[in-house]
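What follows is a set of notes on a single structure, which appears directly below.
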Amino acid sequence: MAIKTREEYLNSLKKLRPNIHKFGKLIEDATSDPATRRTVESHAKAFDASNDPQYALDFTCRSTFTGEKIHRWNSMMDDMEDVIANAKLKRWMYRFTGSCTGGLCVGWNAQNVMWNVTAMVDEECGTEYQGRLKKWILSAEQLGLVVAGALTDAKGDRSARPSQQENPDSCVHVKEVREDGIVVSGYKAMICGVAASNEIFILPGGGYKEEDKAYAVAFVVPRDIEGLTIVEARRPSDTRELEEGFDVPETGISQAFLFFEDCFVPNERVFLCQEAKYAGKVIEYFTANYRACIGACVAGQGDVMIGAAALMARTNGLAAATFANKMVDMAINNETTYGMGIGAMAMGRKGPGGMWVSDSLLAHANKVHVATLPYETKRLCQDIGGGMVETGCFPSSADFNDPDYGHLVQKAIKASPKFSAESRARAARLSEWLTLGAGVPGCMHGGGSPDGAKLVVRAATPVDEYVSYARKIAGITEEIPEPEKKK
Amino acid sequence: MAIKTREEYLNSLKKLRPNIHKFGKLIEDATSDPATRRTVESHAKAFDASNDPQYALDFTCRSTFTGEKIHRWNSMMDDMEDVIANAKLKRWMYRFTGSCTGGLCVGWNAQNVMWNVTAMVDEECGTEYQGRLKKWILSAEQLGLVVAGALTDAKGDRSARPSQQENPDSCVHVKEVREDGIVVSGYKAMICGVAASNEIFILPGGGYKEEDKAYAVAFVVPRDIEGLTIVEARRPSDTRELEEGFDVPETGISQAFLFFEDCFVPNERVFLCQEAKYAGKVIEYFTANYRACIGACVAGQGDVMIGAAALMARTNGLAAATFANKMVDMAINNETTYGMGIGAMAMGRKGPGGMWVSDSLLAHANKVHVATLPYETKRLCQDIGGGMVETGCFPSSADFNDPDYGHLVQKAIKASPKFSAESRARAARLSEWLTLGAGVPGCMHGGGSPDGAKLVVRAATPVDEYVSYARKIAGITEEIPEPEKKK
Amino acid sequence: MAIKTREEYLNSLKKLRPNIHKFGKLIEDATSDPATRRTVESHAKAFDASNDPQYALDFTCRSTFTGEKIHRWNSMMDDMEDVIANAKLKRWMYRFTGSCTGGLCVGWNAQNVMWNVTAMVDEECGTEYQGRLKKWILSAEQLGLVVAGALTDAKGDRSARPSQQENPDSCVHVKEVREDGIVVSGYKAMICGVAASNEIFILPGGGYKEEDKAYAVAFVVPRDIEGLTIVEARRPSDTRELEEGFDVPETGISQAFLFFEDCFVPNERVFLCQEAKYAGKVIEYFTANYRACIGACVAGQGDVMIGAAALMARTNGLAAATFANKMVDMAINNETTYGMGIGAMAMGRKGPGGMWVSDSLLAHANKVHVATLPYETKRLCQDIGGGMVETGCFPSSADFNDPDYGHLVQKAIKASPKFSAESRARAARLSEWLTLGAGVPGCMHGGGSPDGAKLVVRAATPVDEYVSYARKIAGITEEIPEPEKKK
Amino acid sequence: MAIKTREEYLNSLKKLRPNIHKFGKLIEDATSDPATRRTVESHAKAFDASNDPQYALDFTCRSTFTGEKIHRWNSMMDDMEDVIANAKLKRWMYRFTGSCTGGLCVGWNAQNVMWNVTAMVDEECGTEYQGRLKKWILSAEQLGLVVAGALTDAKGDRSARPSQQENPDSCVHVKEVREDGIVVSGYKAMICGVAASNEIFILPGGGYKEEDKAYAVAFVVPRDIEGLTIVEARRPSDTRELEEGFDVPETGISQAFLFFEDCFVPNERVFLCQEAKYAGKVIEYFTANYRACIGACVAGQGDVMIGAAALMARTNGLAAATFANKMVDMAINNETTYGMGIGAMAMGRKGPGGMWVSDSLLAHANKVHVATLPYETKRLCQDIGGGMVETGCFPSSADFNDPDYGHLVQKAIKASPKFSAESRARAARLSEWLTLGAGVPGCMHGGGSPDGAKLVVRAATPVDEYVSYARKIAGITEEIPEPEKKK
């Protein structure tokens, strides 16, 4: 099977019904509208890589089911190597685009998570979800689909459960079960890469109890399904994407809110429907791999920040080596989230359906670093780059090229006699974009908050086992238990 | 003397010749143009405070020269209390506006620094700069001027000195000395608050040797002086300031590049002219107070971040107290830069002209914290606020109010049943603006880089004195000197 | 009045009744016993400094009451400069001795705190404590006393109040009030500098309610009062103090447990007796100054660590300048706790009796740094020093001087051809002693835990005021209050 | 083959010639002398574990050569799982003993490293080292040897190379090559676990050039070989090991200096001899696995610190859960060094002899964390534990049990009504021992300094590759190379 190309990918998007909005306007063609074309371009680079011998090994693989060559982001992750390959692909994508390409990530993880979960549900409930899922995966493989994934519900009041919300649409839920499918409604928030995707994989937003069972639903829909309204979210400096000039790169990220209103999903695309007790399993398996791999994302962005900092140093007229200490600190941050994520994969195990599940404790401890270390890396990037980077503090591309006074701006920005003023300006804008502009990917809360990750670390740390080691070494003979909670 | 009001201030700006540009356009009226009116509004709040009994004690004082009541930002800082008052005013301004009001800060410090320096120069060189300066200060007091200050030159190649630059205009310099004044040319970069200022105080950008003496020049000019072209710098998300809606606050900061082309400055406004050896003194005195006080700036912004985080928690449906640990960490960061700056003031001394000079070691050590702790405070603000804050990830004001689908957006954003969706959206946009939007003030490199501050700390740390203490305690009797440098 | 000398000080200690124990033995003479002579030597250095023209300005001052020259540690702290002088003296003492000289610190603060508190109590309760206190202070000034101070009670069960403890002696308390004095019993724990002190100033260990009023007691006793048993605490590597050789310096610190059993204290030495509501004031005033000043202690130790690190670098054959970055980081840590403490003093105010009280918020925020930054400074000292420092990993002084194989040890330790093996060994032992040996002063919990300090920061941070600033900037018009606590 | 037992192990040590000294005395029997019996006890626990069904899977495995069951620490590490097993064993050992058991670690790594290196040397130089090595490994497996390993030379002047040292014995070297073996001399410093070992594996201390070829030597000797003098190093509080009572645990660590004076090593025990260019390979392979695994060491110690902190909280009368946030931070530190080390293993590859070599970049980045995070973990342990832990500030075991006043000490130490005073005292002593006592393992410099690790990170970070990514994203078309170094 031929590996889908950039052109085929772009054409597949052009065919979709326009249902994405931003700035109060409907986007007719996501591949060319300035608000979305950068994220499409970012995803298109993955198709380039799949078709480029230099990267094909990392971007393609053999289908578990058919043995045919497929895009890696449509593949099953049977073992540790497959999850490591997932991490590698993400690091590459950040290096190519500087930011997040969510359409290559969440759907991929979702199909693997649901493979494990449907194995359990089918076994215990007599359902036949896995068969449906396999059929869909086979088609996704063949079509080389880009599949966004959506977990985070709009949620409403944080102190109440889904079924207790004033507005039942605060979370996506099953409104009606028909013979041939289900009707769903509700809002998903902050979903990455939708504008660059062919389809959207919907998973539940949390673990649920029986009373919230309507919210325990997993399915996949075309991006342009009837009843789905998509509104793009803002990002820092996003209006620049509507401007001309060099103040923003040609790649980008997008995030959206999804509004489902009475959407019909046929049965062959439904993989969980009101089996409440498995929603928690979905989250557990999803976060384990996702939080293991997200370290590769921020590492890849960090690699680009090292490069951007070196560009600034050099276009300022200095050697990058002047800042070697700071670059080493940046590199250590990058390798920490990357390497610890790999560690989580290496300590993982096969899930009930045979797909690999990374170690939860290591993955969640890693998430805490993902939520903190990149802030240091960004600070160092700004530290090396200087005031032009820190707040993007220099005139716009329009001023740079102004016929009247542009020559003054250019002379003021010119630093190293070897490199052009524009190169310095572009390096500074890139650094700004990476550290406090539209390129910032949102990995602190993406895939769950650091506080949530710490709860998992807490639950997974066997304090009383550690107490027993300490007692033995200290020679304490009496038991020292935790006091009982006062009632 | 009546204290100048907001209206009088705005009128004084309106009278200025238009010479500010942004986005390739000339700004006709800085008080109403969307690109500059927010910084003007921010500065105007200082006039409100001066006229408000609740804040008048902090915003006004008696003139050292006339005993009349004046705006504090036009005053002389004779002793520690005066510099502490400077810090307090800055913290208030950040609390009122969320960002930097540079027109109230740099010129104020500059006039005090130059008072000390002109005392030395006049004494040693027989010049009469201080008399000129006093005359100007008296008029500034009386007119209640807002005076931006400019040190940072465009610099050109970082590895060469000003007189070695290909382009002599890389740094502002004296081009010609006439009987009645001087002609200056050159570029100053990243100057804060110019668009909200009546005048601009120019200081040299570094310590200079004799061959660079043309660059050792200090003077003050009206903002609209002939020959001066001003181009505003970008800031993150600055295009939002051109939009309607709630995606950006009504206050703001501005920073600009100044291009002097053969500007004539009359003698009564020139306070240093080619006395190269005093340029270093200007920098030394300037940075000591500036870096002591800047801790109050970031503390004030941090106060607003605590408030914004609490707003997010509550509009999310939670108690702010849930995040008390994180807010305490934020508060400690704020109090650290504030309190350590106060410590630098308390350990200061009177300079040669009688104006107070903060302790250099403590001030520069504080600058290192100013360059790092706010990054943690921002991270914590985003951590508490959630994904909507982290990258401003929710639809725009235009989408929020869209007649077709705005109701969906509003329902998705609504969280706490007690508070409106718009309040939550505004709280999130504020948090975004403070942490990675146009409100980020640029205090890492503003007033000099952290690496520069560390050089001062290094020079001020008496390693060999500390070695002698260590030797005595260790009972080491032989001398342990540093090895001689190899030639 | 002549300033007391080292010899007079030592003699004053020799006259005291032996009541100190360590390692199961009674210490006959604290000035010569190896377990206590180092802390006495450390304190004696203060008498040297008082009598040394180079330091006399910092170590002596004029009595507020008599105008006579006195040791500074017996003085009243009327204003900011006096508290800054307190901080300076502490930094000097650490530079001279490498560790804590508690007998010069806590009693000094106690007499000032009680001056403020007795002013309130006398005013409100009609007592005459301040007159008694003045009489005692006059005598202490004249005798040049070293006065340890004791707050921390043994406490017993942390989840119960003093009057609820199984053992009433868990905290020091008034057992009987007689006409001519009081009888006290109970235990104080971790009291610094007792073995080097002439007297001990006892303060309550916390704020108390009426039912705990017996614990609200302040008084001063001779160190050798009848009924008082003192047991010295261990410290890391303290047994080395009993050895010969260079494995431990000649200065040192001591900390002790005090056991009062039915001790009679005459009225003229009692300054608070069961006035429960003022115990909290004692703590408030005590901690404000103490936590402001303790930053100078750890700064002084940090200065010695910089010196010790430079000694290691040089005796290893390298330039100290090789590690300039790390030394700058160490210096910044030192100046932070020092400078922020000074900031707390500068923002202080006069207390009810006229003695200066540092700003509580800044002082407690500083305490958090005191509890963390020195750990980084120690780590850097070990980092520069190498493996010999990290765990003191090289043979003992006895092995170094062994007649059979000592020559081998010496050859192995010799590094730089310029400096002796013994100098390197002594530098390493000093570094070990400072970072994980008997010199570690215990400033994390000394004067209260960092968690306690954070509670004060939390209480002193006006979150709702900050919310109001944030609301105004964000343009939020509705009130956003904290949710009411559920009952 | 029967797995060697604790008793057999102890007997094997008793048979060795006494050649270890400490405190100026010869140690007759390392298994019973108080200066060394604790490290022997620590190592003996590994034999217990090998013979305990609960741990046998982790402590034993099948010999690669014979298929027989052997102690894992004598095994070949053919693949990733084997190196992970190495890490696991180390974490267990720290949990069992609280500190380092170097005799189970360095020799094990050394035999694997030399397997890879001898494959290269034999291939390229026609030597037959691997055959000799295999013979020795087979015998070590069979005898269940504990084998210390020694890399770090005494070094002498850090600014000179081995062959330039005044004293040629500053580093271990070949003095003479005879037909049947070699004669070696020189000093190795800070070698862990020697007193508990049967044999010592000597590796070169660095990468060498041809002129230093005498220093490129690898061999293994019995611990009691003729001509070898061993002097134990001090550690913090090590004298307590000579005392009675509970002030120090029954397990422990030891480190020693080795003095080789004309020792003859027969050819069958020599695995590298003057092949200078391979010394660097030894270091490269050694550090890769060692620094990957050392994260497990500090993680294991951190586990015990969590346990010790919980013991303190509970014996203080509080719930450990009160400090959950801090324990989570401790756990994250532990899992970071552990997990990132595992990541380094997972990204490793087979070396030239087929033994697994962890990824160098990740391993060295991890070493930087190993040199920093445990300091935070220790600080948190002291923070939770309180002042008794911070400096071990309470009376000694001898005072606790003193017939006269011991009852007072016990009453003062008693806190929770549920647990004995002695349990609290033991928990505090354990915490002290772990954080600033004899249990501190020395992992900052052990296995190489953090600065050395950073050099590897620097070398392994492809800055120019990252520059190319940044350039493409920024749209910079000209090349931006590093400036050429000035000559």
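Each chain gets a letter, A, B, C and D, in the order it is written, and its residues are counted from 1.
We adopt the following convention: a residue touches a chain if its C-beta (ideal position, glycine included) is under 8 Å from a C-beta of that chain, and two chains touch if they have at least 3 such contacts.
Bear in mind the structure is a predicted one, so any value in this text is a computation, not a measurement.
Q: Taking each chain's centre as the mean of its C-alpha atoms, give the chain farthest from chain D.
A: The chain farthest from chain D, judged by C-alpha centres, is B.
Q: Could the interface between the copies chain B and chain C be described as same, meaning over half of its residue numbers are common to both, or is it different?
A: same
Q: Round to the nearest whole Å and give the separation of the Cα centres of chain B and chain D.
A: So the centre of chain B lies 52 Å away from the centre of chain D.
Q: So what's the Cα centroid distance for chain A and chain D, whole Å?
A: Distance between chain centres, rounded to whole Å: 39 Å.
Q: Mind checking the centre-to-centre distance between chain C and chain D? Centres are C-alpha means, answer in whole Å.
A: Going by mean C-alpha positions, chain C sits 37 Å from chain D.
Q: List, in ascending order, every residue of chain D touching at least 2 other chains.
A: In chain D, the residues touching two or more other chains are 318, 325.
Q: Quick check: in the complex, which residue numbers of chain B touch chain C?
A: Answer in residue numbers: 80, 84, 95-98, 246, 249-251, 303-304, 306-308, 310-311, 314-315, 318-321, 324-325, 327-328, 331-332, 335-336, 338-347, 359, 361-362, 365-366, 368-369, 418-420, 423, 426-427, 429-430, 454, 457-458, 461, 463-476, 478, 480-483, 485.
Q: Along chain C, where are the residues that touch chain D in the complex?
A: My answer: residues 21-24, 152, 154-160, 166-167, 169-170, 187, 189-190, 229, 231-240, 243, 247, 255, 257, 259, 316-318, 371-372, 375-376, 378-379, 382-383, 386-388, 390-396, 398-399, 401-402, 405, 408-409, 411-417, 432, 436-437, 440-442, 444-446, 449-451.
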